[in-house]
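A, B, C and D label the chains in the order they appear, each numbered from 1.
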Amino acid sequence: MAGNSIGQHFRVTTFGESHGIALGCIIDGCPPGLEITESDIQIDLDRRRPGTSRYTTQRREPDEVKILSGVFEGKTTGTSIGLVIENTDQRSKDYSEIKDKFRPGHADYTYHQKYGIRDYRGGGRSSARETAMRVAAGAVAKKYLKQEFGIEIRAYLAQMGDVSIDSVDWDEIENNAFFCPDVDKVEAFDQLIRDLKKQGDSIGAKLQVVATNVPVGLGEPVFDRLDADIAHALMSINAVKGVEIGDGFDVVSQKGSQHRDTLSPDGFGSNHAGGILGGISTGQDIVANIALKPTSSITVPGDTITKQGESTQLITKGRHDPCVGIRAVPIAEAMLAIVVMDHLLRHRGQNFGVHTDTPKI
Amino acid sequence: MAGNSIGQHFRVTTFGESHGIALGCIIDGCPPGLEITESDIQIDLDRRRPGTSRYTTQRREPDEVKILSGVFEGKTTGTSIGLVIENTDQRSKDYSEIKDKFRPGHADYTYHQKYGIRDYRGGGRSSARETAMRVAAGAVAKKYLKQEFGIEIRAYLAQMGDVSIDSVDWDEIENNAFFCPDVDKVEAFDQLIRDLKKQGDSIGAKLQVVATNVPVGLGEPVFDRLDADIAHALMSINAVKGVEIGDGFDVVSQKGSQHRDTLSPDGFGSNHAGGILGGISTGQDIVANIALKPTSSITVPGDTITKQGESTQLITKGRHDPCVGIRAVPIAEAMLAIVVMDHLLRHRGQNFGVHTDTPKI
Amino acid sequence: MAGNSIGQHFRVTTFGESHGIALGCIIDGCPPGLEITESDIQIDLDRRRPGTSRYTTQRREPDEVKILSGVFEGKTTGTSIGLVIENTDQRSKDYSEIKDKFRPGHADYTYHQKYGIRDYRGGGRSSARETAMRVAAGAVAKKYLKQEFGIEIRAYLAQMGDVSIDSVDWDEIENNAFFCPDVDKVEAFDQLIRDLKKQGDSIGAKLQVVATNVPVGLGEPVFDRLDADIAHALMSINAVKGVEIGDGFDVVSQKGSQHRDTLSPDGFGSNHAGGILGGISTGQDIVANIALKPTSSITVPGDTITKQGESTQLITKGRHDPCVGIRAVPIAEAMLAIVVMDHLLRHRGQNFGVHTDTPKI
Amino acid sequence: MAGNSIGQHFRVTTFGESHGIALGCIIDGCPPGLEITESDIQIDLDRRRPGTSRYTTQRREPDEVKILSGVFEGKTTGTSIGLVIENTDQRSKDYSEIKDKFRPGHADYTYHQKYGIRDYRGGGRSSARETAMRVAAGAVAKKYLKQEFGIEIRAYLAQMGDVSIDSVDWDEIENNAFFCPDVDKVEAFDQLIRDLKKQGDSIGAKLQVVATNVPVGLGEPVFDRLDADIAHALMSINAVKGVEIGDGFDVVSQKGSQHRDTLSPDGFGSNHAGGILGGISTGQDIVANIALKPTSSITVPGDTITKQGESTQLITKGRHDPCVGIRAVPIAEAMLAIVVMDHLLRHRGQNFGVHTDTPKI
């Protein structure tokens, strides 16, 4: 089974290459009756879109989404939803440099050895351009979750290079080009990007994604835990090299008496667990962190080999983000939304009518 | 779909509670012709087994595995393999303390709210006892991978509390009770555990898992990437709160010129990527880290609520590891083995006969 | 992915060979809170059991099922249910005849060529003995469907050789050894079997399976239609060569004006569709027919080849049913129950809260 | 999980309504390196296309397929293939008749009750128009199977109403508008259709689908048998009410000595099994029959109810085939091709390197 689908109940399958004719996806399993329009989806696509600020790649794509099916008179019908985005910025360019060389840090070598053939134009299927369809599908999930359950899914930039945020003001995030929730760090992020551009280099980033108002009970032991599925979804984003739930790697030096979240009739005393215990949501905020590597598309020359296996060097030209992590904010939100949506439908089918007298805390 | 299965091609489905009659699993998709005996599986079960040293829980179970099907005259037949371990240590005990109270940091509250019913004896299905079957299934995968491809999958304890290893000597790992590859740190780990036992407290841990000799080409873009599936499998282990591939969270402060692994006819210049690019194995070692939280089963009293939602306190008695991370070493190996095995079968079906002239580096 | 599982939400995975140590299955996705005991399951196992009458094979197995997990204090907990049946009748016998020859009409040749190895004892995994676990899992589904929705799933023998039933009296079915609903045909069936025993030959059969009280709305277009999933489940039963829904092959010579079922406020005017339109249940009875081939295990000698590819002859000795179709009655019920159960959970998750003012007819 | 996907390894997911903007599908898992163009796919689409003869509906659609991804420089790359067909014939028409009434024999009532909303234009998602994408995906599978294995998949009309064919000449099939392999029956089919048109009525049909050159070994016991998956795929075609493998329902009155196919060094003595034993292909032709009901879209008035549940009558106007079975010929081929392709990739991954000395017969 090839791997272009995610989710079991709310299932998203995507297609499309960086410089192909179009990108698209099918959302299978969206419940009927949800009001959805192209502009609902476009909002998140515009947040991800390249060329929106000087901090991100200058590739200019309107990324205009079209709904081809599954919506009738403004509402979902319960049948599969087809979405498509045409690639308008397919300007022919000279690919001779990357056609026969493997860009270091990219998927060129692995795709070539796996398939024996690859669409080298802009990375083909391995390009992060593919994530546009994740964002589109995620926007549908986000709308349903918000409307039916009041669940909100948001992310922000927590660190870039050695610059970390000190505080989180959710209202600031959309006010700057970095999705930065700490207004005092915007200038430092800006300076870092300017320096990198001069050096022709790039930098890693850390994001935090949070889902609020998720009901207790989502997630299926043993393997399809909510945290395991979140880890899968977030790690599947291009450039992600690490995923944490709650305290993440900090737990290594914590003691049990510190880490465990106590319960009281008024709720949990803390949220070290990140909203998940035994793979099942607790009703607290779900909190995850991801680490994104610095893009390998930089103008600093890199050693590599040719298709014939000979030693050579390569400089990546073209339009590239010095920090791909920034634009990953809406992507991370989309992936978390898809997982929560999937588990919500799943839980509902299996545990319909289950009742306890224990109050939800 | 409930979530007790992992893998698509090499598929493992498990059952069993901590204090039920038996644990078991079905391995579906093991290729025919593999020589396998109960002792092949027992080796890893014994490595995971509680009661093997004074550092782990004193629960004494022989954990003796029986092969019920799928093996004929010593070889796998290609049909489903049934494995079972009887729970012999079911001594009746007093559960009144945990029957109506939710242990903080455990899955008691979430299971109760999800299902409206739970087997409270020793945590029931949410107990780490379930991982015995992961280890059993992983042992089958490990044998196949080793024999057919020379792939080896090993793990070790890299950090416990604030004590980290400084060096890795693979030959040391089985020589001490901590799966510690640095002989100079064994005493420090030992002291840490002794101190924790006195305090009635517990501690977190960090493990590294490594697969060597994995061929280039395993992993399916876009969602079923090898790294995404590894993240899923490792995060599904009880107590795991973080997963890293290669440099993991260190990439946040790395530059592109530092991070990207150059290629030369003699191989890659480094392995910051942890053996995976674009979700596909590069042929280098696959390297992953996991963070395991400190167990919440400690004798320090903790605030919690009763089933009726009233405030109370709870002390966890009984036989518990001060560091559950130690015994997770064979479990982490098993999970990585299952994922690599699954992707190997998957890749083979899809890309049979694919050829490139590019030499493997 | 090997194929020992059925269902997505109510998922059954089986293992076990005819003459292995034990048969077993895991039921994953059974909702919590269902009261279930071993005797609930044993009832259907006893209906399927060989040796219950002189019309079926004289192999004597108690087929005693044990619940190993997933049930606590008499109720399902929502976690995976492990079931096992030990093979007690493993008397060693001489397999030299079938070890190196392929029995015509059996799966010997195909298993051998597929896997390169096979458990030849009694057909190994290809034996109908495997269906015991289908019946066990189906019994759990049947109990849930009956209790929560009043859904009943029953089957009967409609034809054997050239003898067909003329009427259906559901109360007669359990009164005779043929699951025959027409008391006037019992003697004719009896005579047919006696004649076949003398000839050392066997005969085919046709069964009808009916589900009553299934609510409108189960089934997912386009591929996972209720009828398509029923066809899959029924065709997966050993010896089945044909599946019909409603009028089945009779539709070939029907006109549209005859076939279509009219609607009125009092209900449908007929049920040519067999309770399914567009792949979705209508609320009428779901009606399916299956054709089962005559067993190839007969004492009439048959031409075949050896493992070396040389011409030879083979007589099947041992304990065999002259009509395997008879014992398939509880198996067919089990398979339909599993499919209806699976779709019920699936529908519920996806369409929770959907409402129409249109009355159900 | 909603049900718009089929296959595990060669996985096809479709979207699109009868009168929506476009139909489309994603093929996930097509091996790399297959030469494929839009005209390869168009051939089969044209065979299915309405309006090609006076015997089928006069709806005129060019049904022009576009490949949006997954093919580079004329060859598949191993990544997901996006296909789309725009609906050009969306002429606005008066739907007031069917908007608030349920057409008898159609999926209107079941969709409405399941989803609470439905796209009533031309049947929406329940229209057979959806099958265009099956044919498109099937064409890709057919090309691969033919080229790599010499496997051919063909179907024909075997019966319409009471008119059956007497002989099969594969070369005749494309020479007439009925996909009829018996030139002597073309006139009788023609007369039957003319009579039905006068009556405003419709008729059922029986098709036979055959796959030749399928290697021995495809199919996975126990549930994912090749025959079970074929039954699923064929029963999922609109209007299909019955599926047979090999002798199908004729086995009911066969004896074991008649039915079983003997083996000799020169091959099997007969093919009553239809090329499948124990769920695994034998290497003989795979033979399946399907029964298609007469369309319910006829001008004979039919009793039904309104959305409010009141009694009414309905006449289906518009462009409709008197026998939908005819155009199902390329659809049946496509479905069988998808199943064979899926099992081929599956078998290959699992049983790579398996060897027997037994010659294939």
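FYI, contacts are C-beta pairs under 8 Å (C-beta built on N, C-alpha and C of every residue); 3 or more make two chains touch, one makes a residue touch a chain.
Just so you know, these numbers come straight off a predicted model, no measurement behind them.
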Chain located farthest away, centre of chain A as origin (C-alpha): C
Pair exhibiting more inter-chain C-beta contacts, C-D or A-D: C-D
Equivalent-chain rotation between chain C and chain B, CA atoms, steps of 5 degrees: 180
Interchain centroid distance [CA atoms averaged], chain A/chain D, Å: 38
Centre distance in Å when chain B and chain D are each reduced to the mean of their C-alpha atoms: 45
Between chain C and chain D, centroid-to-centroid distance (C-alpha), Å: 26
Overlap residues in chain C, where contacts from two or more other chains coincide: 1-5, 8-9, 14, 29, 32-33, 78-80, 114-116, 125, 221-222, 346-347, 350-351, 354
Contacting residues of chain A [partner chain D, same complex]: 1-5, 8-9, 11, 13-17, 20-24, 26, 28-30, 32-33, 66-70, 72, 75, 77-82, 84, 114-119, 124-125
Contacting residues of chain B [partner chain D, same complex]: 1, 8-9, 29, 31-33, 78-80, 221-222, 345-354
Chain A-touching residues of chain B, taken from the complex the two chains share: 1-6, 8-9, 14, 102, 104-107, 109-116, 125-126, 130, 159-162, 196, 201-206, 216-217, 219-225, 227-236, 238, 241-265, 269, 272-274, 276-283, 291-298, 300, 302-305, 307-311, 346-347, 350-351, 354-361
